[in-house]
Structure formats: C-alpha cells, structure tokens
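Following are the structures in question.
The same chain A turns up in both complexes below, where it pairs with chain B and then with chain C.
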Partner chain A sequence: MRRIIAFLKEYRNSMPGLMGLGIMVFFMVSAIFAPFVAPYDPHQMYKPLEHPNSDHLLGTNDIGQDILSELIYGSRVSLFIAFFVSAVSCIIGTALGLLSGYYERMGFFLMRIVDGFLAIPRLPLIIVIVAFLRPSIWNLIFIFILFGWPFTARIIRSEVLSLRNRPYVDAARMLGARDFYILGRHILPNVVPLIIVQLIIEARHVILAESGLSFLGLGDPTAKSWGMILHYAFEYPTIFISEIWKWWMLPPGLCITFTILSLMFISYSLEELINPRLRGVTRV
Partner chain B sequence: MNRITKIISYITLIILILTFNFFLPRVMPGDPLSFLTGSPTMDMPIVLDEEMRAELLAYYGLDKPLLQQFYDYMLGILHGDLGWSIYFGAPVSDILTGALKWTLLLVGTATAIYIVLGIVLGAISAWNRGSKRDVELLTFVLSISSFPSFFLGMLFIILLGVNLSFFPISGAQTPFAEYSTPFEAALDTFRHLLLPAMTLVIAHIGGIYLLMRNSMLNVLGEDYILTARAKGLSEWYIMHKHAMKNALLPIITMIALRVGFLISGTIFVETVFAYPGVGRLLYDAVTYRDYPLLQGAFLIITLVIITANFVADMTYAHLDPRVKHE
Partner chain C sequence: MIEVENLKKYFSTGILRKRHIKAVNGVSFQIERGGTLGLVGESGCGKTTMGKSLLRLIEPTAGKIIFDGIDLVQLKKKELRRLRPRMQMIFQDPDASLNPRMKIGDSIAEPLKLQGGLNKVEIKERVLELIETVGLNPEHVNRYPYQLSGGQNQRVVLARVLAVNPDFIIADEPTSSLDVSVQAQILNLMQDLRREFHLTLLFISHDLEVVRHMSDRIAVMYQGKIVEIGSVNEIFDGARHPYTNTLIAPVLSEDQLIYGDMKNAVDYSSGCVFYQRCPFSAGMCKKKEPEMVDIGKGHWVLCNRVS
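Moving on to the complex of A and B:
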C-alpha cells in the first residue's frame, strides 16, 4: 500500500502523465455514462446531413444519425475493444511469460512460437484474416488477442529470467517453497509494473488497429466505433470539398488521436518511473 | 546466431506465410468458390447450379487432393502465378508488379526520411535530457505521431490539398499529363509523392524517436562517456563518435521492426491518397471482396517487410564486430 502511494506521488510530478490521465478519464466517463450523456440514440435517424445547430450540436450524417451521440457511444465500442483485448492478452502473455521464464525447456519452445508471431507482419495478416471472416466485434477481439499476447510474453519472460536467480528466490526454494508459490509470491509482484505498462501500450495498438481496420471497411457495421464513423465519412463522395468534414470527419479523428495521445503519455510516464535512467538524471 | 541459421529461419518464415496463404481460403467458413461469386452484398450475385459448380471446382483444381493442390499452388507461386483478379479482370501478378514500383518509391522515400529524422531528433532530445528543449520536443513528437495515418492524410488533403491547392490530392502522377522533359515527369511524381510520404513519416516518427532517445539515455549513463568528458573531448565529438554510434547498435533490429510498421502503414496512406500502390490494391480487394488479389497484395506487402528485416539483420552482423566474429 505504501508503495502504491509513493508511486502515485511520483506520478503526480509528471506533467504529460497527468494530462494523459485526464484525457483518459474524460473518455472513460463518456463511455460509461453514454446513455445519460448522449442527446439521442445513435441509431435513430433524423434529417440527413444537417449542419450543426441547437438540436444536433455536431449535425447529422448521411443517413440522419446524430453525430455527437455516435461519438459518445463510439467511445464505448472503441475503449471496450481496446481494454478488453489488452487485458486478456496481458493475462495470457503474463502467464505464459512467467512459465516460460521459469521452466527452461518450455520457454525454449514457447519463444520459438513467439518469434514466429513477431516476425510475421501483424497488420497485413490481420487485415487478410478479418477480410475472410465475417466482420464482427468478437471476431476482431479474438484476432487482436491472438496477435497481442506474444509481445507481453516475451517481455515478461526476459524479466523473469533475471529475477529467477535472485538470492531471495533461492532462499524461498531452499525453504521448500513450491514453484507456483515462488512464481505467484516472489516473481509476479516484481513484474506488475511491467504488466501495467504493457497493458497501456497494447491498448494503444488495439485502438490504432481497430480504427484502421474499421476505416478500411473491415469493422463491425452494427457497432459504431470511432473508426467506423470515420469510414463512413471517408466514403461519402463530397467529404473533401464541402464543409461537412468539420463536424463529421474531424471529431471522430480527434477522439482517436487524443485517446492514443493519452495512452502514449501515460505509458511514457510509467516507463519513466520504472526505469529511472530515462528520467534524465545522470548516474554517477 | 550465425548467418546461415538466420537465412534458414527467414526461408522458413516465407514458407510459413505461403502455407498460411494457401490454407486461409480453405479453412475459412463458406464456399471455396465464394471468391468467384462475390459477396452477397454485390450488385449481382452469381448463382451457380450443381453442374457448373463441379465444373468450376475441377477447373480450379479444387477437386484434387489437398496435397496436390498445395503442390500446384507452390509451383504456381514460383512461376509468378498468383491467380486471376475478378475485379480487374487481369492476372494478379501483372496488377501487382505495376503497383509495386509506386509502393517501393513511397516506402523508400518515407523510410529514408523516417530513419534519419527519428534518430537525429531522438539524439537531440537525449542529449538535452531533462531540459526544456527535451520536454518540448518529447511532447511535440508524441503529439504529432498520435495521429493515425489515415486521419492525418485526410487532414492534409483538406488543409494542404483542397484549401491551399498546393498539392495534388490523389494519384501518383497527373492523369493524361504529357511531359516534355523527363525532369518535368520527375517533378510531377515528386509533387504527388510528398504528402503521402510526409503522412507516413509523421504518423510513425514517435516509435523510432523514443527508441533512439531511450537507447541514447542509457549510453549517456555509461562510464566511457564520463571518461570522454574527462579527456576534454568536445561535446560534438562525444555525441557523434561515442554516444550516437553506441546507441544505434542495439536498436538496429528494432528500427527494422518499426520500418515494418511503416510499410504496413502504406495500406492506409495509399488508400487515403488514392496512390496506385500495393496498399491501395489491398483496400480495393477488401472493398470488392476480390480474394485472389487480396492474397496477392498481402503476400507482396509481407515479403517487402520481411526483406527489410532481413537486410537489417545482415547489416547488423556487419556493423557489430562482436556478432561478426562469432
């Protein structure tokens, strides 16, 4: 507990970190309370292509849906996918990373699989698979998890390899502690900071990948994520030559950008805390 | 790992990808001939009766045993046969070779700028660590590289292309243009290249910048930097000869990985700018559910990325004497 408070105190000093957290809280709140915050049902149709006015603050799209409501509900879809995927792939990656760091033979085989995953370019592969599957949220989530865990597993493993031979682990082993007890009690707590950073980084990758796939038209057409809104805006013929881009294309794009920015700031500040060398204090 | 095992592992990887490409349409749910009949959303879905089906299956060799199909497929790939594009009505390999030169031009230009700019900015930032300039640069670079490439591209099109009419907004050359000199043609190509390349670089610069900055910060904490200072060497000399060189070495393979991301990024950038490269073809293939073209484009993009990684791996062995003598 004391460690957490000290950690938070340190984090408070990081300006980008606080900014990132602020933006994230804003989007989280709008995602959680979407039904209360959004003025309309995002699927309800009104007069199409209305310019922003007092009824529709950001106008309506080509089939008459309120864009502001779409954005607010979109934060739900985008953030849910991002954090669900990153949580599950971090759990899988951590478990496999711990085991493969601790048991050498298993680690060897697992790391060959990880090598394969990391060597194959992720994005084109995901695009092709999704194009063959039916586009649905759960298909996307499944595929992102499938390609998400190897990174975490690799990072956790290399950390476990260095922790495994620390004196206190040897001591625990000599006292007769079983492997799983050592892993859970002595090694896992030491990799928690790494896991958190990895969680944030992975969430960023997923947001980017999901919005990218949606932009290419491979998203779930029934779930409006920010990327999907952007996709429909891009497909609209006169988007580049009329005024409508200002309220149809710009807001979802900025939502994606600010989410990525906030995750980037948060992960950077956390990494700085974990690795003091990055803080720019010269070592003597 | 010595050179031969490396080469073997790359060959294995390519075989793995070819195998994946072969099995993908075969293990996915649905009809193996669905690539012919198109998606149900197509304007005129083609309906096949039993006899036609059997005939088509025989024509594509889909009634043969799987192993035989696989052998034929591999043989076809070696002969440059990637199938027939439904949408364009032409061999996939012909369409792709036409597009590849544009993708390579775009990727080559962007990669060169990306690597140099990222390394220089990262080094400057690390060198001024903790100072105002470092914080400003860090915030700035992280901010601009938070823009997803497709969104940034759309913004560039509207702000620089449409509003200022300073840049052409689509294509790789002006359609139907007649050039009097090769120089004019090059200029036109360059003008079309600039915005997509800029978009690619800006959207990806954060990764390489942070990588270089972190690696450089680690190096700057080393004792030999202190020694160099104590010897009274000039700051400029220390930064170039001692810090940058040593900071670059451990991250070369990671840089190659980022270049891979950048190449993947051309899919979005080419789509937004209607740049006639392989990435744009991938998008067309997705839109029109043209599966042979989709698989061909995927194969080419993947091979380009793997080649880039391979080159980086081989260069690394040349640069690091410790690896070379192993």
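Moving on to the complex of A and C:
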C-alpha cells in the first residue's frame, strides 16, 4: 500500500501523465454515464442535417440523429471494445508468457507460434478475416484478442526468463515450493508493472484498429462507435463540399485522437516510472 | 552425511558444432555429519555450479549425490521437493536472495507456511524467535529488503534457512558482497549457528582466510576438478599440489609464479588440467591424466608428481 502511494506521488510529477489521465477520466465518465450525459437517444431521428444550434449542439446527421449523443454513446462502444480486448489478451498473454518462460520446452513451442503471429502484419490480415466473417462487435473482439496475446506473451516470457534464475526463486525452490506457487508468488508480482503498460499499449492499438475497420465499413453496422460515425459521415456525398464535416467528421476524429493521445501519455509516464533506466532521459 | 561421486556438469554450446564446457568435471568428496568442507578456487572454476548441482538447482550431467543414504540424482521431482527443505543454500548476493516485494517477516514465514502444521499465531511467534536468533530486531519484520543493509539481509536469509531446520547447508560466498566488518559478524554468526543446530556445511569461497576460519576440511578446485583435499592443517602446512601452493603462499618465490588465466586452458582434451599454467609441468603431464592419490590422513592430491 505504501508503495502504491509512493508510486502515485511520483506519477504526479509527470505532466503528460496527468494530462493523459485527465482526458481518459473525462471519456470514461461520459461513457459510463452516457444515458445521463447525452441529451438525446442516439437512435432517435429528428430533422436531418441540422447545423449546430441550441437544441442540437453538434447538429444532426443525414437521418436526423443527434451527433453529440452519438459521440457520447460511441465512447461506450469504442472504450468497451478496447479495454475488454486488452484485458482478455493480457490475461491470456500473461498466463502463456509465465508458463513458456518457466518451462523451457513448452516455451520453445509456444514461441514458434508467437513468431508466426508476429511475422504477419496485423492490420491487413485482420481486414481480410473481418471481410469474410460477419461484421459484429464480438467477431471484432475475437479477432483482436487472437492477434493481441502474442505480444504480451513474448514480453512477459523474456522477463520471466531473467526472473526465474534469481536467487530468491532458487531459495523458494529449496524451501520445497511447487512450481505454481513460485510462479504466482515470486514471479507474477514482479511482472505486474509490465502487464499494466502492456494493457494500455494494447488498448491503444485496439481503438485505432477498431476505428480503422469501422471507417472501412468492416465494423458492426448496428453499433455506434466513433469509427462508424466517421464511416457514415464519409459516405455522405457532399460531406466535404458543404460545411457539415466540421461538426460531423471532426468531432469523432478528435475523440479518437485524444483517446489515443491520453493512452500514450499514460503509458509513457508509467514506463518511465517503472523502468529506472529511462528516468530523467525522456522526461518532457 | 553427504557423499559425492564423480559429479559432472557439462554445458554445451554451439548449434552445428557442439562444444562442451566442463564446468564440473568428475568431482568426488564427502562431508561427515557436523563437518564443514571449505571449497576454494578462483572465479569461474565451477564452485557455484557444483554447489547448485549438488542440490539439483542445476541438473547434473552425471554422477551420484548421496545424501543421508538417498541418491538425489535418481529422485523424482516430487520426492526431491519433499526432501529439499533438509538441504539449504545461502547465496552470494543477499539482496537478490529475498523477493523485493515481500516484507522481511513474510520471507521468513514463507518456509513455515509451505511446511504447514502451524497456525498464524504460532508462525508469528516462530518468526520473531528466528529473527532474534540471527540478531535482528523484531521491528525489522515489517521492512522491505531494500530498506535493510546487505549484512542485515544476509541475517534474514539465515533466519529463513533455519526456519526449515536443515541438516546440510551450502553457503556460496555468503560474505563476498559485504563489508569486511560485517563479514566477520556474519561468519561468527554462522559458526555459532552451526554449533547450535549441528549443521553440516559446504562453505564456498575464494577467500582462503575465510575458509580457514570456517572449515575443518578444505577442497581446492581448479577447472571443474578438485585438485587437492585435506584437513585445514594438512592444506596450509603440507600442500602438495602446485596450484594450492600458489594460493596459500603469502609471498611467491620466482618458481612458484603461475602465468596466464583459465581462458587459455579451456580446450584441453587430455592430460592434467593444470598443465599449461603449472611451473613444474613435465612432458608426461601433457598426456597423462593424473589420478587422486591418498597421501595419508585423508589428504588427497591430483598431481602426476605425487605418487
């Protein structure tokens, strides 16, 4: 507990980290309390293509849905996918990383599979697979997890390889501890910082990938994510001729940008804190 | 108590052309119950590898390790795990021997929890008892290893080792990363504990004076082989191996100097391990591999000149 407080105190010194955290909290709150924050139901239709006015702060889209409400509900979908995927793929990656770092033979085979995943460029392959599967949120989630865990597994494994030869691990072995006890008690706690950073990096990646896929029309057409809003806006014939892109396209784009930015800030300042070698070198 | 017969540990390197590094190359010795064997040798000669192989923290390539009548090499993983608490190891770096995320008290309580049979209150009492035995304050229980000095951490390690009531302890340079003043404290503490708990000890060090202070028998290791073994007096007053002589001589005379380092000597295939650096090496030493010769009073030498 004292370590956590000390950690937070040090985190407070990092300006980008605090900014990132602030932006993230803002989006999280609006996602969780969407029904209270959003002025309208995002599926309800009003007069189409209204310019921003006091009733509709960001106007309405081509079928008359309130864009601000769409954005707020969209943060729900985008953030849910991001954090769900990164949580699950980090759990899988951590488990396999621990095992393959600790058991040499198993690690050898697992790492060849990981090599395969890492050698394939992720996004193009995901596009191809999603194009063949029916686009739905759960299909997207499944594919992101499928391609997400190998990175975590590789990173955790390399750390475990160095941790398992520490004298305190040998000492625990001499005290008669079982392998799983050693993994859980002596190795896992020492890779937790890595997992946290990996969690954020993965979330960042998923938000970008999901927006990209939705924009290309490969997202779930029934879910209102930021990427889907962009997609429908882009499909509207005169989007760039008139002024409407300013309140239809720009806001979801900015939302995505700021979310990514905040996650980057958070992960950079965490990494700086966790890895003492970087301390003071990259401080902005 | 413990009897080692022809213990070997080879590491292989290279994928296409396999090369073996013979870290431990046919070592035999025994330690009686309550005895202390000091193991000396320059760094890289295989001392630590041998210590770890004895406990199967590194799997030995060949040989027998008979502990209290049981051959450890033949044991299955499960049986080994049950037997292990009777043997313990103290490592060179006390700070790295303790999990940085565990409080001192939890580290000492760990073996008690693993063995079972005690409830929370009893464990707490036993931890305080152990902490007192090794000369620490009860208030240290809630500290983390990084808050203590190296010497204090080594005391914690000793307390954790004692918690399982071991019969046999391997101490791998337990004081080499400590200040000289602290070294003496830890060594004296170890001596006291050894007497109090009737421990059998294998004391590994490169410091001859320390070994002399701690042990009743000394083994000198070179290039994965024990070149001379005998009682402290025999080794210090009647060393027969040229390598031992250079180690213990306070001032070396011209003909005792040895040159080169062990890297020059990695690729010997036949003959004496010490051939290239030996000031007395004769033609036969290049071809003839010496055998251990008993020259009386349990004093053994591995040298062609002794027979």
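Here is the rule we go by: the second predicted complex is superposed on the first by the 280 of 284 C-alpha atoms of A that agree within 3 Å, B and C clash if a C-alpha of one lies under 4 Å from a C-alpha of the other, contacts with A are read in each partner's own complex, and residues count from 1 in each chain.
Assume a residue touches a chain if its C-beta (ideal position, glycine included) is under 8 Å from a C-beta of that chain, and two chains touch if they have at least 3 such contacts.
Computed from a prediction, not measured in an experiment: that's the story for all the values here.
After superposition on chain A, the partners chain B and chain C are seen to fit next to each other with no clash. By the touch criterion defined above, A:P121 reaches chain B but does not reach chain C.
When the two structures are aligned on the shared chain, A:G22 is found in touch with neither chain B nor chain C. Residue contacts after overlaying the shared chain place A:M249 against chain B, while chain C stays out of touching range. In the superposition on chain A, contact is made by A:R166 with chain C only, not with chain B. By the touch criterion stated above, A:P48 is placed in contact with neither chain B nor chain C. Once both structures are fitted onto chain A, a short way to say it is that chain B and chain C open up an angle of 100° at chain A, using Cα centres and rounding to the nearest 10. Superposed on chain A, the gap between chain B and chain C at their nearest CA atoms measures out to 10 angstrom in whole units. Overlap of the chain B and chain C contact sets on chain A: empty, with no shared residue.
Contacts from chain A toward chain B in the complex involve residues 15-16, 115-116, 118-125, 127-129, 131-134, 208, 211-212, 215-218, 230, 234, 240-241, 245, 249-250, 253, 256-258, 260-261, 264-265, 268, 277-283. Residues of chain B that touch chain A in their complex: 9, 13, 16-17, 20, 24-25, 28-29, 129-130, 134-135, 138-139, 142-143, 145-148, 150-151, 154-155, 157-158, 161-162, 169, 206, 210, 214, 217-218, 220-221, 257, 260-261, 263-264, 267-268, 271-272, 282-283, 285-287, 289, 291, 294-295, 298, 301-302, 305-306, 309. In the complex of the two chains, the chain C residues touching chain A come out as 52, 55, 57, 81-82, 84-85, 87-89, 91-93, 96-101, 110-111, 114-115, 157, 160, 164. Residues 166-168, 170-178, 181, 185-186, 189-190 of chain A touch chain C in their complex.
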